[in-house]
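What follows is a pair of complexes built around chain A, which joins chain B in one and chain C in the other.
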Partner chain A sequence: MNLVFRLAWRNLWRHPRRTWLTTGAMVFSNILLVFMMSLQFGMYSLMIDNSLQIFTGHMQVQAPGYKDDQKMRQIVPDIVPLANEIRDELKSERVAARGWAFALASSEDRSFGIGVYGVEPEFEARVSNIPGLVSSGRYLTENNAAEIVIGTVLARNLRVEIGDELTLLGSGVDGSFAAAVVDIVGIFESGVTDIDRNIAEIPLGIFQDTFFMEGAGHQIVVVVDALDVVPEVQASVRSVLPVSSNLVVPDWDEMMPGLKQAIQADIGSSFFMYFILVVLVSFSVLNTQLMSVLERTREFGIVMALGLRPGKLGRLVLLETAMMGLIGTVLGAAAGAILTSWFTTNGLAFPGMDEMAAQFNLPARMFPQINLLTLLAGPAIVFMFTMLAAIYPAVRLRWQNPVDAMRVA
Partner chain B sequence: MHLFGILLRLAWRNLWRNHRRTIIMLGAIGVGVWAMIFMTALTRGMVDQMITDSIGVLPGHVQMHHPDYRDDPSISNRVSISDAALNEKFDDADFEAWASRVRVPAVITSERESRGVTLLGVDPAAERDISFFDYDEVEGRFLESASDQGIVIGKRLAETLETEIGKRIVLMSQDPENDIADRGFRIVGLYSANTKAIEQAYAYIGKTTAQKMLRVDDATTEVVFLGEDYRNVEPVYEAVTSAVDDTVLVQRWFDIDTYLGTMLGVMDGFVLVWVVVIFLALSFGLVNTLVMAVFERVREIGLMLALGMKPASILGQILIESMFLLALGLAVGNFLAWATIVPLQDGIDISVVAEGMEMWGASSMLYPKLYASDMILASGVVLLLGFLASLSPAWRASRYEPVEAITKV
Partner chain C sequence: MSAVRCVNLCKTYRQGDQDIKALDHVSIEIDEGDFVCLSAPSGGGKTTLLNAIGGLDIPDSGEVYVAGGRIDNLSKGELADLRLKQIGFVFQAYNLIPVLTARENVEFVMQVQGVPSAERRDKSNAILKEVGLEGLETRRPGEMSGGQQQRVAVARAIASRPALVLADEPTANLDSKTADELMELFTQLNKHHNTTFVIATHDQRVMTYAGRLIRMLDGRIVDDIDQRAA
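Our next item is the complex of A and B:
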């Protein structure tokens, strides 16, 4: 065994340039794969987190059909006690009740139609990042104060400042005329124009009074620590719901199907590119190994004539390839890890990226996330394809007649 | 010239001395070039579709507004040029289409629900080519004239409002004095669009009707112009800017929709990066092949040098061999790309990830676009970089010492 090993190693370095060029192709692809995958998966988790953090949360308790229609009548009755029960059951504070209504917001100068959320001031900050994005003034504090927090763009369009009054006009849950006058206490800036223009938040108490909700609301948002516990928590939330109710608990994927699909589409196209890269590397390996076998035809003929079985020679070729593959894998993964960790600390940005990133609730600078999967998946696949590429040159030896082989010029 | 002919023949014959190696390398180059062009065609198709979908319609290629309108889209910020003056200026101009309209935010209320919409007061005759739906495919009917008394809304909005054709809704907006301007309308038609979001967003009424409702005589808030090609909007832009003064703001589509504008630029960058990455993966194999080809022929090259062939001819011979290889590979790759893209030009159905593509702003059918310029770019990059990569092995071959080379075993 030791002999075969030494033989393979020496054969590998008969043409150092060739070996290095072939390993170079592997190292190049491995660096690229490690870096791109780290970047991608870092981006996906950020995309999910950021999108869900704004409003959606990981799951919500809603009336059936609410996620599609958002109608006033699709209510969750006695929402505050129910939210409390869920908090007790999950032993988590990251649960908040909300109402949502469409209303015409009027200042002295302007009127705009906006979506008004009624939120629990005490809990909203634990499920949404809007409270943390208040850039001037403060967030809501009391459940029964006639106050409102609006987005920067809306504030500009309505020509209002903190301390000004806004009139909200809309229709209540029973279709009757609903109106409220509220003071602007805070202005938030999420950076997403649609949110900063179209959303306002008022305390749930005021919301329920204004829109004649009689204790009801529209959604209870639940946030959990990690995506993989969602199904489990979903089940415990369901167990708390009153038996007679027909409330449903959609998870984030049901509420925002676009998010997962955008990720899938991106994975699909990038895997096509990775695949091409890996195929090109295997062509390189195939070429090198075939050449290295062909140029040794006479040598192989002699050792076969001396009694070495072709199977053993085939294993020798595979062993050479495996050694070369290992060098490429180790060097590539190491170099990929170094490159990626540099970007992990310094971040990556290219011109135009901030525009693209904003579309998906991403920051303007991206930080790849390196982990065992992103570090090893690419190099492992490259190694596998390297071995596959060596099969033809190795198997070819079986059909070799020793006498003919020795005669090759 | 005679010498060049000999070199060509030598290079061509040398190329086929080791036909296995040449064929494997041709396969690698073919696959690489195919992937370059195929992937490029897919992304081009996607971006083209995104842009024609979103600017070939409503927004047009060039828009004219009051300078403050974009930040404060209110009826107070009207275009200073009257419709009569606009007609005089642009009726003879060489645009594909142009239209002036009233576009303001409004609130639409049915008996059940209310929602915010963008109110469009249009002249149906002028907007036919700028509309994102076909007038004939509107359920019910589209507006018949600028003074039509009906309203046309999206199907999805009708569902949300729980209303239908023939029913009445109330539209509420502001007049220039900031007083509420409202009016009842009978729904005469429902349009469909690519996305639910668009079906929720726009409500169409006649332009004159809108002007009466908002009490603005014959003023409008937006004028749009459509040219022949979204990639070349300068002629339209020039024609419009030269006809107006600076009381209005004229903008191109990429000034307005910066996401799409950036997307176009980023995609051009992406295409180049992708082509170069694939080439780098190929280059290892290419250099390897040449190094081996030279190595096998050391004695022969030494002999040619000893017989008086100039080193420059050796260099040229190797370079020509490399160019032959690349040119053949390019032919294979370009043909493969053409042969795979043409059958797909009727569109690839990717509706499984439709909502995800909607997040990107793309539609659920992908139409690959094969541009001659992309094929030329890919081929040019491969030839140029391939030439540079071949220089080193060719240079080394031409520098052999004849005596040493001949005696080399």
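Our next item is the complex of A and C:
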């Protein structure tokens, strides 16, 4: 080993307890960073999946402008055959066609304006978690049955229960008067008041008949296994669309820009906390290295007298810090990876989380998502700040006069 | 050619409200291969003069020449290079690097000079043998006696074969026997390698080894005796 490396390494262990305490702070912060960032990204993934699995899906086939205007006439023609083609192309059942219309829902006592989704009962459960949230009755089963599922708040507002009839009044795609009478077969509870109050689902066949859709619908929802395959699947879906049609395939980010913004805002605030943690560790390193330099002032004077340039001495201090930082980085990242991997497999749960999660149709445990970014970003930043903290002690040596340094007891 | 030439050196330190003249218009010339002792009581200016010659301290006025080149106007880096290549230092308190072994301490200067590893090892082994430390190469300073540590310091000073060795009270922490051995070693190095030695001391026995004795008092040279003639 190079003599300068040997010197730096041995200098590091002149005070093993001090070195281990500083390294320990780095290891601890690295474990915390790896775990917290992985947990955070796991939560984002869960958050995205759950938000998208209510209605949006990872992407949709729509008429141009539908995303912004949501007008009845912005249709996807022959929507069921097209959805079948997409299923065949993707070799996935997680594709479902839908229609959407505004309607006045009336019970015997009351009327409320709601959004009515026409869905494919067979496939809707594979793209949306609403079917799984039915808390009383059942979900839709047949494509042409005059049935409806509504939210708990709407049921309360309309003073209806399972088995009651609802009358839907609206306007069809051609502007004509649309009306249907449907039986309430299920009531769902999503936990989101707006959804439970304003949304109802009927079979797509009934929807098309009621609103004179002539085989058309408004959106084909596609759900994929992971966010990173969205662009690839998006391209496959586009390849199935008729050349003459001008249908578009917006992804979840285009359809729900607020979701990404919320995540970015959360990343911003949590990274501020991480920054504070890293700065605290840096001060610990600064303290150690400054003490180490100050107590060796005389020794530094000697080596300067022997002909070592102050710049080289500074590099020696930086090398010592780099070695210490590397130990903290490697141990911290390794321990963080082991800890996080355990939770990646076994999940993390808090007392009472099971009940709350069940209520919202969420998994009872949170699973951190470990990847190269969550594993290395934190330790790399700690290492960088560690090196920054060593700059002052290293630069300080440049102003040191050998004679003055040697006079220090 | 002269190894060292000082012209009208002045250096004043401020101590509290008082100005202390450490060097007061000092001019000397030391030839190559000379063995010179600077003798003075404490505060007489010998260490200041030694530091000025070694480029460790810059005089307030006057000129310093080492091996024919003026050094009092060099930068910190240039002075470091000068010390690395041309001057060896031996200090009163040995000043070895505690975490390095005897051999590594000797190798250190050569490493900084860029001497290849194998050559460094051979040279350091040879020099340690020369100063009587064969078999102690892997000991750290804390595992050696004062005399042995001072020998390592000497080995380190001469490892790169400098033309000039400056020693500041090299025997102050040694017993008389070890001090004599060290001075014998200096004498041999002076004779065999024609190395110029300038030793600051107030030890009378050390002065007897010197070919030339320069006495200082209050920052001035008061006596310059050629002891070889005597």
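Simple rule for what comes next: the second predicted complex is superposed on the first by the 280 of 409 C-alpha atoms of A that agree within 3 Å, B and C clash if a C-alpha of one lies under 4 Å from a C-alpha of the other, contacts with A are read in each partner's own complex, and residues count from 1 in each chain.
Simple rule for what comes next: a contact is a pair of C-beta atoms (placed from the backbone, for glycine too) under 8 Å apart; a residue touches a chain by one contact, two chains touch by 3 or more.
Just so we're clear, the structure is a prediction, and the values are computed from it rather than from any experiment.
J.: When the two structures are laid over each other on chain A, which of chain B and chain C touches more residues of chain A?
T.: Ranking chain B and chain C by residues of chain A touched puts B first.
J.: Once the shared chain is lined up, is A:303 touching chain B (first), chain C (second), both, or neither of them?
T.: Touch status of A:303: second partner only.
J.: A:260 contacts which: chain B (first), chain C (second), both, neither?
T.: A:260 sits against chain B, while chain C stays out of touch.
J.: Of the two partner chains, chain B (first) and chain C (second), which one does A:11 touch, if any: first, second, both, or neither?
T.: The second partner, chain C, only.
J.: Go through the superposed model and pick first if A:294 touches only chain B, second if only chain C, both, or neither.
T.: In the superposition, A:294 touches chain B alone.
J.: Look at A:185 in the shared chain and tell me whether it touches chain B only, chain C only, both, or neither; answer first, second, both or neither.
T.: Touch partners of A:185: none, neither chain B nor chain C.
J.: Between chain B and chain C, whom does A:63 touch in the aligned arrangement: first, second, both, or neither?
T.: Neither: A:63 stays clear of chain B and chain C.
J.: Counting contacts the way the document defines them, which residues of chain A are shared by the two interfaces, the one with chain B and the one with chain C?
T.: Common interface on chain A, chain B vs chain C: nothing in common.
J.: Show me the residue ranges of chain B that touch chain A in the complex, using the header's touch definition.
T.: Against chain A, chain B makes touches at 18, 20-21, 24-25, 27-28, 31-32, 35, 39, 42, 71-74, 105-107, 109, 111-117, 159-160, 162, 172-174, 178, 180, 258-259, 261-263, 265-266, 269, 274, 277-278, 280-282, 284-285, 287-289, 291-292, 295-296, 350, 352-361.
J.: Would you mind writing out the residues of chain A in touch with chain B in their complex?
T.: It is residues 15, 17-18, 21-22, 24-25, 28-29, 32, 69-73, 102, 104, 108-115, 156-157, 170-171, 175, 198, 257-265, 268-269, 272-273, 276-277, 279-281, 283-284, 286-288, 290-291, 294-295, 350-353, 355-356, 358-360 of chain A that touch chain B.
J.: Enumerate the contact residues on chain A facing chain C in the complex.
T.: Of all residues in chain A, those touching chain C are 2-4, 6-7, 10-11, 14, 298-299, 302-312, 401-403, 406.
J.: If you look only at chain C, which of its residues touch chain A in the complex?
T.: Touch list, chain C to chain A: 51, 54, 56-57, 76-77, 80-85, 87, 89, 91, 95, 97-100, 104, 107-109, 111-113, 156.
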